[in-house]
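Chains: A, B, C and D, in written order; residue numbering restarts at 1 for each.
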Amino acid sequence: MNVDADALTETRRDLHRHPEPAWCEFYTTARIVEELRARDVDELHVGPDALEESDEPRMSLPDQATRDEWMDRAVDAVADADLVERLDGGNTGAVAVIEQGEGPTVGLRVDIDGLPIPESDEESHAPAAAGFRSENEGYMHACGHDAHATVGLGVLDAVRHSDFSGTLKVFFQPAEERVAGGGPMSRSGHLDDVDFLYAVHIGLDHPTGEIVTGMGGFLAVSGFEVEFEGSPAHAGAHPEEGDNAIQAMAAAITNMYAIPRHADGPTRVNAGVVEGGTASNIVAAEAAMECEVRGQTTELMEYMWDETGRVVDAAADMHDVSAERSLNSRAPSAESDDELAALIGDAAGSVEGVDSIVEHDELGGSEDATFLMNRVQEQGGKACYVGLGTDHPGGHHTSEFDVDEDSLTIGVETLAGAIESLSESED
Amino acid sequence: MNVDADALTETRRDLHRHPEPAWCEFYTTARIVEELRARDVDELHVGPDALEESDEPRMSLPDQATRDEWMDRAVDAVADADLVERLDGGNTGAVAVIEQGEGPTVGLRVDIDGLPIPESDEESHAPAAAGFRSENEGYMHACGHDAHATVGLGVLDAVRHSDFSGTLKVFFQPAEERVAGGGPMSRSGHLDDVDFLYAVHIGLDHPTGEIVTGMGGFLAVSGFEVEFEGSPAHAGAHPEEGDNAIQAMAAAITNMYAIPRHADGPTRVNAGVVEGGTASNIVAAEAAMECEVRGQTTELMEYMWDETGRVVDAAADMHDVSAERSLNSRAPSAESDDELAALIGDAAGSVEGVDSIVEHDELGGSEDATFLMNRVQEQGGKACYVGLGTDHPGGHHTSEFDVDEDSLTIGVETLAGAIESLSESED
Amino acid sequence: MNVDADALTETRRDLHRHPEPAWCEFYTTARIVEELRARDVDELHVGPDALEESDEPRMSLPDQATRDEWMDRAVDAVADADLVERLDGGNTGAVAVIEQGEGPTVGLRVDIDGLPIPESDEESHAPAAAGFRSENEGYMHACGHDAHATVGLGVLDAVRHSDFSGTLKVFFQPAEERVAGGGPMSRSGHLDDVDFLYAVHIGLDHPTGEIVTGMGGFLAVSGFEVEFEGSPAHAGAHPEEGDNAIQAMAAAITNMYAIPRHADGPTRVNAGVVEGGTASNIVAAEAAMECEVRGQTTELMEYMWDETGRVVDAAADMHDVSAERSLNSRAPSAESDDELAALIGDAAGSVEGVDSIVEHDELGGSEDATFLMNRVQEQGGKACYVGLGTDHPGGHHTSEFDVDEDSLTIGVETLAGAIESLSESED
Amino acid sequence: MNVDADALTETRRDLHRHPEPAWCEFYTTARIVEELRARDVDELHVGPDALEESDEPRMSLPDQATRDEWMDRAVDAVADADLVERLDGGNTGAVAVIEQGEGPTVGLRVDIDGLPIPESDEESHAPAAAGFRSENEGYMHACGHDAHATVGLGVLDAVRHSDFSGTLKVFFQPAEERVAGGGPMSRSGHLDDVDFLYAVHIGLDHPTGEIVTGMGGFLAVSGFEVEFEGSPAHAGAHPEEGDNAIQAMAAAITNMYAIPRHADGPTRVNAGVVEGGTASNIVAAEAAMECEVRGQTTELMEYMWDETGRVVDAAADMHDVSAERSLNSRAPSAESDDELAALIGDAAGSVEGVDSIVEHDELGGSEDATFLMNRVQEQGGKACYVGLGTDHPGGHHTSEFDVDEDSLTIGVETLAGAIESLSESED
């Protein structure tokens, strides 16, 4: 296979310099679209056309002021201003399609957003030493989505120049870090004719040269916040006049953790952030918490979602306050299909630089590629989540995270190889 | 004044031998009625005629089997069987009326029930030594209501033979120990023309010879029980299938104690008895608790009643179980009127054996004479709760409790003296 | 194989007539010993000799009065009085040994205790119809341990008359229903030379003719009770003087359920029984609860044991009361070895009446055979828990439970067959 | 009496323009000291000399950066730089002494700090309209301490020019709003020879022309914060590895409110501000809360202090986290002595503009003048807290609060009149 490693590195470094948070991937999307336009793909669905239209605001959508700031920054970094404007309001991301004759429709999903983590400026941190450290101070590609987007473009190129017969769709998905973009993209319609879907993640404590052919163990997840609103009162003079939002929140927290374990499998619950009240001598009228529930299966997650809802409402009633719950993020569980995993193993076997093939690993956490995987699997297709090893100096979501750029070529060749074999396997 | 101390002693001892619990004062009522019939009082309202008629069962009414047993026991002790039958179903007690010409209507309230406390059989315990220990094993007049009923008869006699001009009503109230009889008697109609009401309590850590002219500090109280009902499940195999009544009860308990203090005055809450579940490996489907709330005023008690109700309902909702609350006892708060208290002080001053007159003391606990006091006060009348000192070897509600019978005469003379002076004061 | 089905039925029915609770299997042990003496086994370890000696009282040992009653009953039912006396104090059960030349030492563990469940007296209940219903009213063999003991004797007979070369030890274990007897028997020394151990359970929703060759999924368990002791106070007069045992217990319950889920596998916690307090107007000085924790592995159960311990202690501290925790029952987790399971499958294949062989099933609950299995496995031996199907009209632990006596022969032949093949496999 | 109303107004307006928060009263103290130096008082104790020296940092002392900022601002507003520096580190405030011959030592305590409340800039707000609105944006004299300091100077002048025979000490106390300055001033030694102490508060919903001769009902208070520190963990991947600071805080909150009511009188508890955690998917390693407890008496407050301490520690233990509690503020309860109150009534009677004299009112809240009052009373002296009515458009601690400057003269004349009469009363 004929992969331009230098071009991959250059693209990845440009994206690395411009990390953007969920729903604010304005520069990133514009840059990807520019690349895709240069390639003259058969179809290109950008922003709103790549996602389900919805009357509801996107989950975890930042406010307009924040988005404006990121739009300005993107335009300053020489993104197309008209395009950027189209992407506003939770409409980042893109879907590229190439059609190469009869054959299956194969999808590849990559995600594109960065994180609100300041990037290390130590000499030991390669992006700092080599001059492609984040230009958006306080934000960073600390989970390798810059590499993912790059691999997406690389695979598209490799397949374009191969004997692959069929259709390839590359999904550049926004807002994975908030577990918010997968749902809208899964319901965009673009997945509905996909026979086989791959998704890919770099790193995950696997070294350069190692490929995990199929990952599972995605916990279904719902992230949510709850706002309690009661009535203030002077805690010394008239405690009985208050409706205590902090007391309600405390009752909710304790009892959410005490929801019964479920015999069908692991569940999780966490109240991770709390805030409330104004002064030690005032009965708190307001309190809020950010929480999440998970389950080994989507059903188990929904069990926890329903139970926490009831606990929250009852805790509010108990202290005569109101509780408003809003969903911030959601992803189902999913499993990789063995058939697709096997093809990855086969393809990786002939890729230079691959020295270890692992059949299966568990993610342990959550990821909204599962929305796309489920969509395909529900319609009789197959899906597989591939692990692409890379030597990463710091852990994911740390200031020292980086990828070994050698793994970019490995990833492109492995995925493209498996995709090509899919058109053959149909023969 | 002309009081037959021996007769008082004999009556008290007979009642002491036959202690009966709340709503089962069959022998006691029959014996009182027999005495009143012998005196040819002007009106005698017995049992159902002495209480409000109600479609609801009386609070804390024992079950029929228990009542049957006490009715049999009363008839065996030579009570009038027909009369006893009339008293069944929460209809014990009596009201006696004597009319002696123009003048105010004065009431005296005494209570008549015993307690489920076994009486001491030590020689040092006078009733045991003198042969009038309880014949109803496990039950005892451990709070002096035998003395109260005796004083009620004694005052009636003393007033009957005095120059008192007006009407005297003596209220022999049942079921005080369960704070259950005062309400029905207060709404019987017999209180509605009472201008002045005295109630009396013996002991309360005041010695023989001491009179407390007016007591206050009655906390309003509601006693209640809550039954939680959920669904059982095997705690190992299917914990999620249970609706945990014990968890609901625990949440209710913790949060009931956490109800805000009230600026208007003292409040109280207690979950005093709990029970629930069947086995350590079964999610409990049932749990129950006995609780009480109090307040310095009736309003404060009602605040706690409302708040605990909301907490209990919400705790049940929180764990998807049902909660049924039932009221076991209730009494409002009350205060003694100074005018009546002053008359007690005046009267006591000329009673032989009185060597200490205390103007005011606080009860601290609850007592349903307050229902009768409130009824009179609400209609413009006055009410006063009198403390009658007696040397009592053991504390109230202990097996060693006893009264000094010398205080019977003191009580009769003091109360009768004050009542007589009321007719004079109208002149 | 040459199995006397009538003798098995007769033995089972005699044991069924005399169900005895944990640590009170006086008649049962005596009857088994009588049978074993008649067979002239090579070694017979009875009562204290079959269990670890311990300075600590056995877990869940009933009090002396209860044991005395069961001892009297056993003697009345014609058990050997001297023997019965030796069994007192948590020393029921027996181990029988037959030695038949060179070869492996094979163990078979059966349990022998009954349950405090009243037996159905309906005609539809076979023991009632056929006249062998429980003679100990309120107690019943509702889990088939009468059949287990019978199968134990039957296998001993079958192996005795077979070509088996080696040593067979049959463990008649007491107190399984309280998960209390397995530990002491596992530490008796008699397991220490066992190369292969089978345990067997009848029913478990498998029909007559079905054999489960190896069961797993035993949750490790600890049952415990906690006694909270504080100080009483009048809830109206001096609430601050109380140290509230019920409040402490409520805090403990809520927070025990809220112990974090564990990523390594399922855990369980339950507060199944609570009791406390004396009156609604008294701050409760005493409260107690019966609880359990479980884990998929022994480590997970120990995690929950440690966490609940910390929660209980802290809840007690929080309300200034003391908490005393005592262990009622404990069993580790275990898994069946495939090699032994395979031999069961082989043996069952040639047993008349077997029409279904299931390789694996999960118990879901807990069982203290795991102590014996662990002991053997820790020393390099192998262990296997066999499921013996039987049509049972009512569920386990219900008044209508019964076994299909045809399964007795099937069980004996299958187990004896597998045991015989173990001596061959050593050749 | 000869009071310069214009000078009072001018002083008050200058102080009003320069509100400073607790322990940052640099300009305020400097300005007061300048006034006192101009008067040539007999003794002047400034800053560290006016307070107890302590190795512990003052409660609620802002950090050095904050103090530096306020010191700069004070110097900019033309305060004496050397003096300002001496006041740093929690050493603001002053005590002025005038000696006028034989007679009692009389104290007057006024407080001097402002609040972090932005001042209204509406035309309807007199300071805005008349040009003496706060120059320290975000800070405001919203509780009238500018008037208090002014009255302190005015009384000193009035007494200086009167026939008063004795010693007058005026205490300009810092940091009342954080209930932090009263303690150190009370232990400075300057109170130890005070025979009679007055403290004064303006407003409190009493109109101009009304004087409350003696205020009581000060709830003793302790304000505190608690920091919980545990260990973070990924809530999906390894919930069991976290030590959950938020769960500990929730348990503490619920159980702090559930501390038993106390029969001796009102108590209060409030968790008014909470904050904790970093993300919904992380088990929170840190959480903090700001709380307070109060009691009708110092003993009752201390009961709540002890109980909350135990609850907090136990809640931390329960969830295996640490809890650090620090005291932010503290004040005891106090009552006004009738004798001093009566003198205020007498003095007020002859003050022009006084049209209503109220004998007693309850404060309901807390105030650390009680430290000084207690100090004097404990040594056999007498103390009295005087209410000085003023028409105030907005409530205390609101952006619209203002005082009617006519009340300044009334306050000065009333207090000076009472102080003068104290020297006479000694005759």
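A few points about this structure:
We take it that contacts are C-beta pairs under 8 Å (C-beta built on N, C-alpha and C of every residue); 3 or more make two chains touch, one makes a residue touch a chain.
Quick caveat, the model's predicted, so the values are computed rather than measured.
Common neighbours of chain B and chain C under the contact rule above are A, D. When every chain is reduced to the mean of its CA atoms, the largest separation from chain A belongs to B. Chain pairs A-D and A-C differ in how many C-beta pairs are in contact, and the one with more is A-D. Homomeric contact chain C/chain D is classed as same-residue, with over half of its interface positions used by both copies.
Per-chain Cα centroids separate chain C from chain D by 70 Å. Taking the mean of the C-alpha atoms as each chain's centre, chain A and chain C sit 50 Å apart.
Residue positions of chain D touching 2 or more other chains: 237, 239, 247, 251, 254-255, 257-258, 260-261, 263, 268-269, 283, 364. Residue ranges on chain B touching chain C, taken from their complex, read 219, 221, 223-225, 234-237, 239, 246-247, 249-251, 253-254, 257, 268-284, 287, 290-292, 294, 328, 364-366. Contact residues on chain B toward chain A in their complex (touch as defined above): 237-242, 244, 247, 251, 255, 258, 260-264, 283, 303, 310-311, 313-315, 317-320.
Residues 254-255, 257-261, 263, 265-269, 364 of chain A touch chain C in their complex.
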